[in-house]
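Accompanying notes for the structure given below.
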Amino acid sequence: MDSATLDQLNELLDSDVTLREKIKDEVAELDKKTRIMAGTLNKIHSTPPDLILNLLDVVRPTITSCRDNMVNLAAIIPPNQFWRWKDMWSNSLRASIFSAALVEYLSNRTLITLPQVCEILGIDDSWKDRLTLPVEDYLHGIISLVNELSRLAINSVTMGNFEEPLKISVFVKDIFAGFSMLNLKNDLLRRRFDSLKYDIKKIEEVVYDVSLRKLAPTSTSTTS
Amino acid sequence: MDSATLDQLNELLDSDVTLREKIKDEVAELDKKTRIMAGTLNKIHSTPPDLILNLLDVVRPTITSCRDNMVNLAAIIPPNQFWRWKDMWSNSLRASIFSAALVEYLSNRTLITLPQVCEILGIDDSWKDRLTLPVEDYLHGIISLVNELSRLAINSVTMGNFEEPLKISVFVKDIFAGFSMLNLKNDLLRRRFDSLKYDIKKIEEVVYDVSLRKLAPTSTSTTS
Amino acid sequence: MDSATLDQLNELLDSDVTLREKIKDEVAELDKKTRIMAGTLNKIHSTPPDLILNLLDVVRPTITSCRDNMVNLAAIIPPNQFWRWKDMWSNSLRASIFSAALVEYLSNRTLITLPQVCEILGIDDSWKDRLTLPVEDYLHGIISLVNELSRLAINSVTMGNFEEPLKISVFVKDIFAGFSMLNLKNDLLRRRFDSLKYDIKKIEEVVYDVSLRKLAPTSTSTTS
Amino acid sequence: MDSATLDQLNELLDSDVTLREKIKDEVAELDKKTRIMAGTLNKIHSTPPDLILNLLDVVRPTITSCRDNMVNLAAIIPPNQFWRWKDMWSNSLRASIFSAALVEYLSNRTLITLPQVCEILGIDDSWKDRLTLPVEDYLHGIISLVNELSRLAINSVTMGNFEEPLKISVFVKDIFAGFSMLNLKNDLLRRRFDSLKYDIKKIEEVVYDVSLRKLAPTSTSTTS
Amino acid sequence: MDSATLDQLNELLDSDVTLREKIKDEVAELDKKTRIMAGTLNKIHSTPPDLILNLLDVVRPTITSCRDNMVNLAAIIPPNQFWRWKDMWSNSLRASIFSAALVEYLSNRTLITLPQVCEILGIDDSWKDRLTLPVEDYLHGIISLVNELSRLAINSVTMGNFEEPLKISVFVKDIFAGFSMLNLKNDLLRRRFDSLKYDIKKIEEVVYDVSLRKLAPTSTSTTS
Amino acid sequence: MDSATLDQLNELLDSDVTLREKIKDEVAELDKKTRIMAGTLNKIHSTPPDLILNLLDVVRPTITSCRDNMVNLAAIIPPNQFWRWKDMWSNSLRASIFSAALVEYLSNRTLITLPQVCEILGIDDSWKDRLTLPVEDYLHGIISLVNELSRLAINSVTMGNFEEPLKISVFVKDIFAGFSMLNLKNDLLRRRFDSLKYDIKKIEEVVYDVSLRKLAPTSTSTTS
Amino acid sequence: MISQQITQAFQVFRMELDDHNERRERLIKASRDITNLSKKVIFLLHRLVMEESTGGKDTDPEDVIRHAGAKGRQKLTEVQNLYSGLKRELEGDRFWRYERQVSPGLQEYIEALSLSHFMEHGTLITYDQVQQTLSDSSGAPHFLLPVYDYLLGLSDLTGELMRFAISGIGRRGGRAKANTICRFVRSCKADFDRFTPYIRDLAKKQAVTVQSLEKIEDAVYAVAVRTSEYDVPPELMDDIVALSVSN
Amino acid sequence: MISQQITQAFQVFRMELDDHNERRERLIKASRDITNLSKKVIFLLHRLVMEESTGGKDTDPEDVIRHAGAKGRQKLTEVQNLYSGLKRELEGDRFWRYERQVSPGLQEYIEALSLSHFMEHGTLITYDQVQQTLSDSSGAPHFLLPVYDYLLGLSDLTGELMRFAISGIGRRGGRAKANTICRFVRSCKADFDRFTPYIRDLAKKQAVTVQSLEKIEDAVYAVAVRTSEYDVPPELMDDIVALSVSN
């Protein structure tokens, strides 16, 4: 083996370490943002309905600022190596998706779509070989949304808002029906989907409590 | 080793791989059906009593169509190899049993028996060495039925049907008494049986609520 | 190795062994006290509100007596070796912090501060390189406090005290918000913080039950 | 559930324990025989060539007596449950196959075939659903044979028998070529086959030593 | 979720399963070829020098035919997903590299280069994001080559070819020196490199035996 | 529990703790001796045959001094509780047995018997229910002896002593035959016995090397 | 010859090892039987309470439980007979030799016995009382009961009490009983905490006890919430509900 | 307001935790750099001996090894500079706080240093000598070297010595060197055995040392067998072989 070959081989064997460090730093940045968003969004459980929109306005700029991290990540990942590194950021990405989905639901009462998430987080289609948003991560974000809404159903009633659980119930049942049609493998996603059943049940119990005591105006509206 | 021997050995070693693939495909089919049935039956929680029978009529053909998968499975499993492969389909089988049991309960208010399940799913007694329905799987299906009925008790009240919880209560207590007579080992079945207590408790609470608020008819109408 | 070197190394290693034994004995003493305090404080779950203060008075002297163990420990640890040995007593220390924090909360409805804990346990600032109270241990003690309060919320209601859960809810939400500000690594503290979410949820459900049934006078006071 | 059903279910849940005990006892018997055979066959490493046949005559009756255990096992295993219980005896069975294969090789210098093993151990074709001899077990027995022959090659030279390694080399290379054609999965069998390479190498080194020193008459006879 | 979205999500989730199956089938094909090549090349240990070239001619077409599998794999792997799937074929690829390297050495007494391997196996530079030949796999193939040559050194002497070990010795020492220049991590490659020392030692021993018994030609004929 | 019961239980548990401490101290003493013996005996691998006896004389007093520890242990163990505490010293005891067995073998070329070990270590028959020497521990000591002898076979040859391996081979084969008679369960002893096979193989290879090269006078004496 | 000596020595070893292994096997089987019998008694106790509680308004629920406990205690004489039969296998230093094989069955027996005892007397069975059931008619113990097994067996009791409390909560008198059990388990937990530093496995079992305790507390809480809302005395509540669902 | 107080307190905690985490990260990275540099020195040492040994008959193999050792020692000043730069991060009680992060690099450094030292001087580097390399020019230590890390680092040395002995065995003078190393490793093993009760991980590393020792013994044995058969002095053997394979 001549020394040029050897140098080249050595270089190939060495390069990964530095890259891993860079990705780690960028993901740490992103992670900090998701923690801030989660902290703010946690306040929905003690905020009266009319002030919720203000709260969402506080979160939006942080969501949008995640684009910077996405751009940076896309710039460091070498072409074609998305699958090699993706596990390093998928947790943070899922947390961002969750925040975006919760803001979307509370603003418009609709389910955020995968392309919408890409747009909000600025994930460019042309980065495909370096940074993309896998379906799995989107679905994880949505499951986290449902987890949070089951808590919100409870706390809304405490705050005297008896209609919120009914709205959440309709929304969540739809998502549940959707997930039921998916062909999930026996992995983490499947296990988390199984846990959704407990959220649904909890929400149904809240609706039951409210209906039984005739606290909400139109309980019949829950039939879909 | 001569090549005839080698070929024969290779054939024996290879055949398992092909068989596993075939079973997997068939189970995937069956699985798809159980997902469809679960999706449809999930609607009982938002369907008024008078439309339930229609809903069941929608599910019945799918249940019956599971026979095809059973026939196919029985045809691929080599004689005497039931115990070798059974773990591959037991989850799907339990899901089918659950659907059959729920349909039976909502149609006739009776507990489906093990022979009835065999008949509905077309599991033939003569397949004994290839495909049979083990007691454990039957019991798992029944526990899933009780889990679902505790949810139904809640949602019936939400929809203004105050008699359903009373019927369910009687039915479910009987099943619970039955399970109590079994000498279960410390396995999954035992753990799931333990969890039944919470379903019973939940149903009882609904019965209290309904009774104390005098929403249900007098006792005479519910004796079974 | 020549025998002088061997002797030198042996001596160094021997002195560590002796030190470890001494620390162990002292920690065993401290541990006994934390178990006694935990045993007494466990009674809050079955003690009516008006007798709670008496109970706390029983615990206080034991907390204060922990100072002796702290003084002894500080005397044995060599300079600069705090971090080398601290794992030996951190569990016991956390248990003491928990007791002090619970007594403080039930007496004054306030969160004990880190300097207050140091004062109560007699941990002197001048011991810094031998015995100090790290933030981590303080935070662990606070998480244990929240775990206990979620149980107390439940049991207070059982004893007919419907206001306690509301107070606990307000207090615990503040703590949770505090924790949300921290950048926790993927360690035990992070996992225990994740478990806090379940406590919060449980407390929220109790507040929900009480509010829904209008059992407490001023449920609206919980919005912050 | 009526009590007849319950009794039947309980019986089904209970029956396996007794069966397991019975199989265990029978396998313990078989195991004792394989240990005796291994003990005797171990003497080939210190027995001069002309006394080897006597040694084999000592082992043969014990091999044949394994038939009794096979008959007993076949009698206890319920129809169709071969795959459920086979793991309990496969180690002992492999040890028996090894003994039969070693006796065959030393008697006739040929590789025992799978049907021959079945005949010697009295495994009846009609027991198919209860007791059969899987290819895997046969191959395990053959690998053990090669392991033993590599030891014999060494010890033969020590005893001054320089031709034995040459014979073993030819025989073992043939088996190795055969195994190379098999489609083994990444399991225990595959790992043991990988270990065969070391045995082959060892035997080749013995042949090398003998050839280099011109100790054997016809070293050219090893080309196949 | 509308059904178009669901279909799209399901498609995305399903496509991986199908892809994995396809890759598996293709790798099984490739694997079969590597087994055939290994089987044929195994004969070098019993083939006289003048017939070796014929043997290599038998193997060459099979090596070349591996291109088909490479082309097929490159066609199925979606753009940018090399890193996602590569573990599925790296064992088979290493086996192919080994065969190519052995043929090259026995034909030309030179070390095959990484680009040469790519050319022989038809791995196209333009497939970079789907199928490429990583350095690690190349190095694994070379280590397997040395393992095989140490066996060949032994067996050549048995067949009366005393020059072969000397040639192998020179060649292998050069490779060893090359590997010494690499900064290997503590992984499988490092462990396999460590094991090379034993191959070198074995070859050296053969060289001693041959030299001391004066069986080899004079030194001038072997200088490289 | 009333406080009398609590005190009674506490007392029982406390006395065990004290006992455990005492045994620990005594075993630490014994352990120190076994380490000193092992350290000295380790020198057999670099000591010429004529100086070996001097080395053994150095070890003997330490072995004999183990009697003190045995006497002390026998004095602390309560009647009938031998099996309760024996795990605390069995490792040290096995190490002592190993030393005694190695000294015996190198002095007299015989296998030390179990009663001989008891005598040397001063284990009195009348202590039976408090301190005895179980067969298992004796067998463990003997396996350690064989492990050591396989290393000695190698190192003797390095020191130019070609007869030692032949003696060791005869001795070790006898021991192996003895072990083959035992019905070992699937425990540590069984696994260590399996490892004996590697020692035997290694020794056989040394004997092979010596015999092949005619380095020892009477290699034919190894046939038994 | 050396070889002959070794063979003879190993023949003795073989006998000793075989003897030990066979006794070990016998004790494993016996322990398994004891475990199964004890488990069945536990099932039986739950079942008896459930079946006999359906007897209607005239039976006192406390009587039903007491009666079930007594029946369980009687049934456990079968286990006691097994232990009496094992006396020889466990005498002298043998008990500790086979402690690992005997212990699981022993703890399961103590779990069943303490549950029967609680049902019959409402108290925790004492160490001496357990030892007495493992002694012959003259009071000589078959073997000395280790404190460890006593405490570990008792600490499994709390799991069964949780099942007992929760499945009984819908029955007449079940709410009051659940309250009693809640207090009882709370004091068990406190008492056992003292022993955790001595017994390693106990800490794990205490964690399970805490879980059981919280489940009971949750159940008792749910009853309290409901009773508060409707402001009806518990016993009356039972009757109203019984009227709705009479079976 | 309470809430405000809590927020302020937690802000302080955040700063402290962030400070700690960042220092921890820095030390992990530094430790990784030290590990990599040390590993590279070990590679270099093996490589230098191999390359320079091909110099022909005129170079004394002992010189080659000594020279390589000295070069390795020089190269390790890079690591020593890194440690000097970490002085502030590890002062006072910080060393023990971050011991778990620092320890792996430290042990790898000691492994490399002790290998250089052995090659240069043929002896085991002492504790004081290692501490000296981790001190400033006035002799003040950057931090107190724990005995544990010293011994654990040394115990990895035996693995490298095994590689050194075995890959050198075919070179001129390699057989004699292998014998020396065999004796040296044997005495290391005996010395370290004394410390196993004090240092838990040492027992595992001693098991590896025994494996390495046996590998060296096997190699030395193979040479002895061969030499005995041909009855040729080792050095002459080298020359005969060199004649056959001259490269």
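Residue numbering begins at 1 within each chain, and the chains themselves are lettered A, B, C, D, E, F, G and H in the order written.
As a convention for this text, contacts are C-beta pairs under 8 Å (C-beta built on N, C-alpha and C of every residue); 3 or more make two chains touch, one makes a residue touch a chain.
According to UniProt, the chain labels map to these proteins: A, B, C, D, E, F = Translin.
Just so it is clear, the model here is predicted, and its values are computed rather than measured.
Interface comparison, F-H against C-H: more C-beta pairs in contact at C-H.
The greatest centre-to-centre gap from chain H, using C-alpha centroids, is found for B.
Between B-G and the choices C-H, E-H or F-H, the pair with more than half the same contact pairs by residue number is E-H. Centre-to-centre, using mean CA coordinates, chain E is 64 Å away from chain G.
With centres taken as mean Cα positions, chain F sits 48 Å from chain E. Multi-chain contact residues of chain E, defined as those touching 2 or more other chains: 177, 181, 183, 209. Residue positions 194 of chain G each touch two or more of the other chains. The residues of chain E lying in touch with chain A in their complex are 1, 5-6, 9-10, 12-14, 17, 79-84, 111, 113, 128-129, 135, 139, 174-175, 177-178, 181-185. Interface residues of chain B, counted against chain G in their complex, comprise 166, 169-170, 173, 176-177, 180-181, 183, 194, 197-198, 200-201, 204-205, 207-212, 216, 218-219, 222-224.
Interface of chain H with chain C (complex): residues 2-3, 5-7, 9-11, 13-14, 16-18, 21, 92-99, 124, 126-127, 147, 150-151, 191, 194-195, 198-199.
By the touch rule above, chain G contacts chain B in their complex via residues 39-40, 43, 46-47, 50-51, 163, 166-167, 169-170, 219, 222, 226, 230, 232, 237, 240-241, 243-247. Contact residues of chain F toward chain H in the complex are 28, 31, 35, 38-39, 42, 45-46, 151, 154-155, 157-158, 160, 162, 206, 209-210, 213, 215.
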